[in-house]
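Here the chain labels run A, B, C and D in written order, and each chain numbers its own residues starting at 1.
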Amino acid sequence: MTTTLSTPTGADLEPTTRRRRRRLGDRLLFAYTWLIILWLCVPIAVMILFGFNDTKGRYNTTFQGLTLKWYGRLFEIPALTDALANSLIIAVLNTLIAGTLGTLVGLALGRYRFRGDGTTNLVMFAVISAPELVMGASLLSLFVASGVGLGIPTILIAHVMFSISFVAVVVRSRVLTLDRYIEEAARDLGAGPWTAFRLVTFPMIFPAVLSGGLLAFVLSIDDFVITNFTAGTTQTFPLWIYGATRVGLPPQVNVMGTLIFAVGLLIAAGNVIAARRRPSSAR
Amino acid sequence: MNEPTPFDPVLFRGMTQRRLSRRDALRISGLSAAALALAACGVKGQGNTTPTAPAEDAIAKYWAGKTKNGKVDFANWPLYMDPKQPELKKFTAETGIKVTYQEVIEEMGPWFARTQPQLSAGQSIGFDLMVITNGIQFKQYVQSSLLAPLDHSKLTNFKANAGASYKTSAYDPGNAYSVPWASGVTGIAYDPAKVKTPITKLADLWKTEYKGRVGMFSDTQELGNFGLMVNGVDPAKSTATDWQNAANKLKEQKDAGIVRKYYDQSYIDALGAGEVWITQAWSGDVFQKNVSDGTNFQFVIPEEGATIWTDNMAIPITAVNPVDAITLMDFFFRVDIAATLAEYINYITPVPEAQKVIKEHAAAASGEDKDFLTSVAESPLVFPSTADYSKLRYYVEFENTALQQQFQSIFEPIVLG
Amino acid sequence: MSRRLAPYLLILPGGLWLLLFFVVPMVAMLSLSLQQGDVVSGYQLTWHWQTYVDGISNYQTQIIRSLWYGFITTVLQIVLAFPIAYWIAFRGGRNKSVYLFLILLPFFVSFVLRTISWKFILTDESFVLAPLKDVGLVSQDFHILGTPMAVIGGLTYNFLPFMILPIYVALERIDPRVVEAARDLYASPVQTFRKVIFPLALPGVFAGVLMTFVPASSDYINSEILGSSGTTMIGQVIQSQYLRSQNYPTAAALSFALMAILLVGIFTYARALGTEDVLKVAAR
Amino acid sequence: MTATIRTQAGQPTGPNRSDTPAIELVGVAKEYHSHGDVVAAVKGVDLAIGEGEFFSMLGPSGCGKTTTMRMIAGFEDPTRGSVFLHGEEVTGVAPNKRDVNMVFQSYALFPHMSVFENVAFGLKRKNVASPEIRQRVAEMLAIVDLTGREKRQPRELSGGQQQRVALARALVNRPRALLLDEPLGALDLKLRQHMQVELKRIQREVGVTFVYVTHDQNEALTMSDRIAVMNDGSIEHLGTPREIYEHPATKFVAGFIGTSNLLGGAVSALDNGRAVITFGPGERIVVPLPRNGVRPGQNLELTVRPEKIDITTAEPAAGDRSIVRGVVTEVVYLGTSTNYNVRTSAGSEVVVFDQNASNADFVAVRGDHVYLSWNPQHSYAIGDR
């Protein structure tokens, strides 16, 4: 978005002016980028800050000084702890189930051409782009119609449903970039189909499986809309928070949010560092 | 039984975080008392009892073979018990029954919507005891047979200590499915720091000078009641025409931009954050908010009237531990327990005798605590007097679901507009 | 033999799951939307199409408002996202991944928590607004919370990374030599941008639109937390019809109508673009 | 039914002749279904490849050569026909159970394994004892000149080295036959030429049957004992490189192998087993009669290799030669030779390669009228297939 226009001045003058303007444009863009990043981080900073708030009342709304006590009293609210535990259980199970099923679908879509692959792709696409609200609502319709009670199993069903597509798409795009002859080479060298998959294909798609699984985990632990429809009286972390806002969030929520944030940060930072180190030996 | 250690309430409160704002609390309760002069009279039954009581053998059939399991899951509204749960600790100490207490109910509609599919499917909702308000959903629970019929032979404290009027409610004749937890008044709360002229009437909620600063309830029944009462109609005697007029009145208020938002339990937070200055409110919340946060909000029973409602303990039909649940139910009708509970929540207790105990606590306490407990014992919000009872109205009673749906469809578009 | 069966065997478990819990529920919802009755006495399928007519006419304001908010949000996001995606793609250098990481930072905090945090920041007497009011920069009556601005701001905030990333991916794929070629062929920087860079980034913009417009216009959290009675979106109506009033047929009808509107839009879109491309960009 | 060309099945002309061919295909056909249509990739191929032979399958992309090879390896099952390895039918047997190994065009090295692990992969699958594995891998890496690179990852190797790892990985299993699918396609010209020599050397050393798929005629001509030229799913010509170059069986083969000039016209007379086509004054083409014969008046097409044609400005002595007149349209100097494009009086475009001898000078320049002449023995009538 350098906004230099050709000026009618001498041709030999132009390069310097242009460079200077470009530098200015770049600098503006640079500042803009950081402004947006700052904006994106504001609510997180506030959340973290108020986890250290030495609030006296039940309501954590005004800053009254720094304290670490809420970190010590993290698990003091049993219902919140339970909700977080539920969220973690569901997210882990979802990662395993949706990770497996999604990987299989991704493999099939990436590797084979078959009758119905177009339809499968379309369904994947529909799941990803359908409004969450509608998916949650339709699942509730189904559960109501079939008299299935709501709880952790129904939440899990819903989470796996929308996670499969994401995992499948991630795995599929990796499989598409794979040289399919590599697996054939393994078969050619005496490996049975399963051995070839275990020793060759799976290690190669593993990064995609991992990031698909991570995506499934994140989607699950953060999901509110679909969970809200399928949870019944079961509480998950986002549901509990949403409910608790009506009477004021206890500082423990900020602390938990901060800790989850920190863990996510560490994992992602590790990823970035690993990704940075890799190319040095690759190229 | 009626001899708690004199330090009990002080001790319990000492563990909470309320101490610093005690003084404000005292001031508020005094002001509330002035605003609300209630006649000493029980909660009257409404007469039009619907014959929904279960047959005798249904009760026997339900309770047959049910035994104590040593635990109970209790679902309640926020701010409805001291967070330290002293009463529950006492219960566990005395009976060995462990209680898991969760403040998961925030509004009746959603709570019914969440539990109904599971209950209808015959599955446990994870709770053995829940506190539900009389009203549309209460009726739906009963009509759909989703509540366990109560075995009154297990409710000896209730029989002995509950106020007479609480045994003759219209919504649950003979307490077939529920016993009261607490009653409260839906009135107006406002912030005197922002609203300079004291609020006295429902009509004040329609004043354009408070444009964008008025909060109303998203619960169609609570909202509809105010619309009816501002028009001078008693909700319990209202007709479909009245409903339409009330809706028009409410629409007027909304279209003029007076209403900031239609709130659920979060209204109290919005009041605290200065989002709204005047709002529909539940009596005890305001008191608690003032105590907890040192705010100075006022609660008013408007001249045109306010509604009284009762929250009731009920056992969902699929409860896993119904015997433990009914034991806990009855426990709350012990006078000492009712007293400490009322001391904290400041809603109307169904156990009139509790007043005496609180007075005893007050006598035993000293300084601020003494003042505080005295004010509770004398608060018309906890122990209503007869005087202004004429101002309190009951909810609309629907004869059938069609009428109820009609009521909802009239007021719903206002909330969802 | 087994080679021909392999893809079907691979798809079977996941496909079955999606069939049972995505396709079937949609059918169940369609059916529910045509039923009449209530929770207590149950529902009967009566092919009562009137529910759609009533539902849409009662809540057309909210439907239109939602699409409108979704539209503004999307446009805002394109404008906000393009420069930043451009900067990272062309000037990010070695730090590209760091910038992307920073953009994704908010996602490590729960969506609900982030929105609540905004409510807290923007509340009428917050540490942001109170000083401004004290100084007299804004009137005592001024508020952000409860206005359409707050809701659209929340939507824009929450979905912005979904716009930045696809545009970035598209821009990053542009061969820098193509840009040089354009300059070589006498295009000014502005022309280069308009005639070369922007058109090449369009698939990314399309994918971004897809990933933000749908969730934004069907969202209910932002309006619920940051909005007021004047900003109610169709998502709130549906949610409330399902989870508050248990008016299942109306709720189902509105859900179905909403999805029909959105999906028809998307598929026309995807068709014009090729699903492959959209999915590929979406997958990155 | 699909047309099947008769080949010298079972009569390999390569070295190490033995009674049972190493690989034999009988009536092998492969069809795919696509959007309801049946697409034939291979239309009935009969083929016998002898033990120790260097056999190439040559043809443009899509001609079916790779599919044929994949059917030998077991990655595709023939729709019809049978595949035999050493006289044993293997149709439908999984690739891991066939005693042939393959070198893939993309090498298909396992990116997450070291060179050693790559090469040892097949031996481990056969449960060879690890000391033996180490020894055989070391030997094989010595043969392909990669000793000392065992610990490297494939991505750390150059293209040529990767290629040799792929070769080693296949050969270390001592397969009965090695299938190579355009193995040099990804290398640059210099390296490719080097590797051609290397491959030939390695094949001699290990004595394994090589089946080599390529679209590069030079590669096929220089390395192979025999070549099968494929087009459109069928073998058009099977023979030694020399046979194929000198006597292309079809117009396609003639066009595909080297540069061929296509000329033709109505036969005016038959003369002593030869056909004579006359054009203008002094112009005539004499060509040996095609196998299926021709009658005067019929049209006949023939080819002449560009290097067989003499180009002169003066009219050559008639003698027994074919003579055609034309105008030079393009002259390209190529160092060792000069190429002339000539438009004949009959309107065809003819290419002539003229060796640049010591007295190198351009015979003609653009626009010059020239005479083209050649020995009729060097031209071949083409049967219309």
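One rule holds for everything that comes next: a contact is a pair of C-beta atoms (placed from the backbone, for glycine too) under 8 Å apart; a residue touches a chain by one contact, two chains touch by 3 or more.
Every value quoted in this text rests on a predicted model; they were computed, and no experiment measured them.
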Label-sorted list of chains bordering both subunit A and subunit C is B
Applying the document's contact definition, name the chain pair with more C-beta pairs in contact, A-B or A-D. A-B
Would you identify the chain whose C-alpha centroid lies closest to the centroid of all protein C-alpha atoms displayed? A
Taking each chain's centre as the mean position of its Cα atoms, how many Å separate subunit B from subunit C? 39
How many Å are there between the centre of subunit A and the centre of subunit D, using C-alpha atoms for each centre? 53
Rounded to a whole Å, what is the gap between the Cα centroids of subunit B and subunit D? 92
Indicate the residues of subunit B shared as contacts by at least two other chains. 114, 273
Note: subunit A residues in touch with at least two other chains are 61, 140, 144, 193, 245
I need the residues of subunit D touching at least two other chains; which ones are they? none
Edges wherever two chains touch, nodes for the chains themselves; is that graph a line, a ring, a star, complete, or other here? other
Chain pairs in touch? A-B, A-C, A-D, B-C
So in the complex, the part of subunit B that touches subunit C is made up of which residues? 107, 109-110, 112-114, 116, 140, 143-144, 212, 218, 220, 254, 257, 259-262, 273-275, 401, 405, 408, 412-413, 415-417
If we count contacts the way the header does, which residues on subunit B are in touch with subunit A in the complex? 17, 20-21, 75, 78-79, 83, 100, 102-104, 106, 114-115, 117-127, 264-266, 268-269, 272-273, 292-294
Subunit D contacts subunit A in the complex at 73-75, 94-96, 100-102, 104-106, 108-112, 121-122, 125-126, 155-156, 166, 169-170, 173
Subunit A-facing residues of subunit C, complex: 2, 4, 6-8, 10-11, 13-15, 17-18, 21-26, 28-29, 31-32, 80, 82-84, 86-88, 91, 97-99, 101-121, 127, 157, 160-161, 188-190, 193, 210-211, 214-215, 217-221, 225, 235, 238-239, 242-243, 248, 251-252, 255-256, 258-259, 262-263, 266, 270, 275, 278-280, 282-284
The answer for subunit C against subunit B in the complex is residues 38-41, 58-59, 61-62, 123-126, 141, 143, 145-146, 227-230, 232, 236-237, 240, 242-247
